[in-house]
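Next come two complexes, and both contain chain A; in the first it sits with chain B, in the second with chain C.
And then the complex of A and B:
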């Protein structure tokens, strides 16, 4: 194989490592986006038996945002296998116990239900915050765009930008706002 | 039938039991356990496997077509378009490429596929005759358009 062809082969079949920031994102929608990258179905050379999946590193999984009242209503089932070992855990309780579990369970449920599922899930690396080990960060080669735009918090704006922002109207100093 | 003497009644029959069984057991070489080696057990599973094989000829057509569709939509997403939009463009432009050819182009002729994606995008741009977009200057519509 010539050098150019060899480079093309490595570039085509090389396994990519994608970074996904889960801050303030819906984990259910994020899993819909992540699963094709774990399968390899975002590539034109896809085949289910081809092992064409990529790695995805999810950061800030502690800051995910379930919609509506799902934190109080969504339950996760677990059975230990022994009699009376069934438990239904609410989403907020599970998140408190392990902030990576919600994303992991969501992606596990969305992957195709075959024997390749566990191998593909093993290529998903979830971290509750920004701290990612160097051995994984070295491999990360691209970033996936977030689904929902993350607005800037008012207290994260610098003071002079707030003062210089054009204002049409402001309340008088002695006005009481209830 | 002319049998004029009793010795001519003798016929050579059978004698290929070994080869008949070998033909069956060779098809079960990748099975597990006694199904692999013992004829009377293997024949059941070999018949089942051959049945599955004939039934799968129909399933293969839909499975492979689904694979082609996945590959084409992956390539379209890579280039910033969508496969349904590309289908509409190809219908309008009379480009009669089937899924097989499209997925081969996407893998082996990426520049040709890129040309198709650019055609799709240009078709989605607002043209002169379109009702979308701003009206040309000097046209009196009285707010009705």
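And then the complex of A and C:
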């Protein structure tokens, strides 16, 4: 095999590192997007016996957004194995205990159920905020598009921009908005 | 007994044990034995005992077949009727022997009569096969030349050889091409040992023809490859021709066209150097007996075709690719080659991938990958050279067949690597 062929293969099977910002993203829909990257089925060279999965680094997992009343209604079940060992934890409780757990569990449930599942999950790196260690951030080579744009609240705008925004009329000085 | 021919005991007379008109029965064994026996078949059926049949024949004492004495008598009396009778009563003997303390070995004989191979046959074949494989792996098995077989006809083989290749060879020259010097020496020595003082072997070896063939191959390969790769430097063309002329390629082609059994040489199978020489001699013969275009087509189809699917990089290795790119760019009046990182992934892991591009005056020259930046830069320079010389994977394939007949052979050398520049290639027509 010539050197050119060797490095061609090296590049073909090289692992990508994707960055995904979980802020204001639905973890259930995000998992659908992340899973093909972890098992490599988004690649044209994909084969079930082919180890071609990529790494995904999820940041801001503390700021994920569950739809509707899922925070109160979604329940995570766990059983210790002993009698009376069953627990039912609400999503908001689990999220308080570990802000990476909801997205990890969701992705784990959506990965295909075989012996490769744990290894694929090990390529998912979740961080509750945007503080990522350099050893991981240096590897990142691409970014995944967010599913929906992060909404911008009124208090996120700088005061200057708010003041300069064109208005139809001025409020009376003694009017209390909030 | 014999199911294919219905027969009642009353119909069967002496010497006609079976109902078939010609007295032959396909089912062999039992009834053939009965046919040979002068004792009437009927009597065998009616009496139904071995003792009775044997007693009638007069070579057996009544009741002596049982036990040890019976076996002895059986060996002494080889009459077919007795054998058949022993077979018939085989089952009874088993029953009896199970009661006796002594083992009755006559049962294996009856198994032979029934057509059952005994238990030693399969193990014997297994052992023989095992020995065969072992001797083969140790190289102890004599390899028989095809010419040692009794129906070997060398003339017919030579005729068939030329017909297979659809070429017209001069008969005597073809014999000469297939005769190695070692064969003549060996034959002379053999005849002298047999007492022939002057063997008078009117044979020539293939040295001259091989030299002639080598020249033909070299000339054609140079002309063809220069035309096929007009931008490849002359050094690369030389390396390709050298590869085509190498002993490995020549002998592989020789084996491929079936010279193995036709070559007259001392060793068997012929060594690769002998085979290479013979193939070159075959080309030499063809150049004598056929017009040049036909000989060229032969060389193209058998020798040049070995380059198909090969990487030119592996045959012609450029040691310092970045230096060569820099020289070429300098001679072309372009800017220095500048390697730039296009992409990287997994920098902190052992599976790091780097993609580097080579640019000159902000123009893309080529790109390469690697597990380190240095490797990627080297590969990028190689890729830039491949692009310049037009030997990339997407380059047009080597012309064969009708396409090749149109291509005029190029006698003047390509540009050498030292003088290679982009400006000089502008007037070169590429196919």
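Rule of thumb we're sticking to: the second predicted complex is superposed on the first by the 165 of 178 C-alpha atoms of A that agree within 3 Å, B and C clash if a C-alpha of one lies under 4 Å from a C-alpha of the other, contacts with A are read in each partner's own complex, and residues count from 1 in each chain.
Following the convention adopted for this analysis, a residue touches a chain if its C-beta (ideal position, glycine included) is under 8 Å from a C-beta of that chain, and two chains touch if they have at least 3 such contacts.
Remember, it's a predicted structure, so these values are computed and weren't measured experimentally.
Now for A:41: first (chain B), second (chain C), both, or neither, which partner does it touch?
first
In the overlaid three-chain picture, which partner chain does A:168 touch, first (chain B) or second (chain C), both, or neither?
neither
Is it chain B or chain C that touches the larger share of residues in chain A?
C
If you stack the two complexes on chain A, which partner ends up touching A:115: first (chain B), second (chain C), both, or neither?
The answer is neither, since A:115 touches no partner chain.
Name the contact category of A:11: first (chain B only), second (chain C only), both, or neither.
second
Would you check which partner chain A:97 touches, where first means chain B only, second means chain C only, and both and neither mean what they say?
Neither chain B nor chain C is touched by A:97.
Considering only the touch criterion stated at the top, classify A:154 as touching first (chain B), second (chain C), both, or neither.
neither
Where does A:49 make contact in the superposed view: on chain B (first), on chain C (second), on both, or on neither?
In the superposition, A:49 contacts neither chain B nor chain C.
Tell me which partner A:177 touches in the superposition: chain B (first), chain C (second), both or neither.
The answer is neither, since A:177 touches no partner chain.
Touching residues of chain C toward chain A in the complex: what are they?
311, 313-314, 343-349, 351-353, 355, 368-371, 375-376, 378-379, 382-383, 386
Contact residues on chain B for chain A in the complex?
67, 70-72, 74-75, 77-78, 103, 106-107
Mind listing the chain A positions that touch chain B in their complex?
So the residues of chain A in touch with chain B come to 36, 41-47.
Which of the residues in chain A end up touching chain C in this complex?
Of all residues in chain A, those touching chain C are 2-5, 7-8, 10-11, 14-17, 55, 135-136, 138-139, 141-142.
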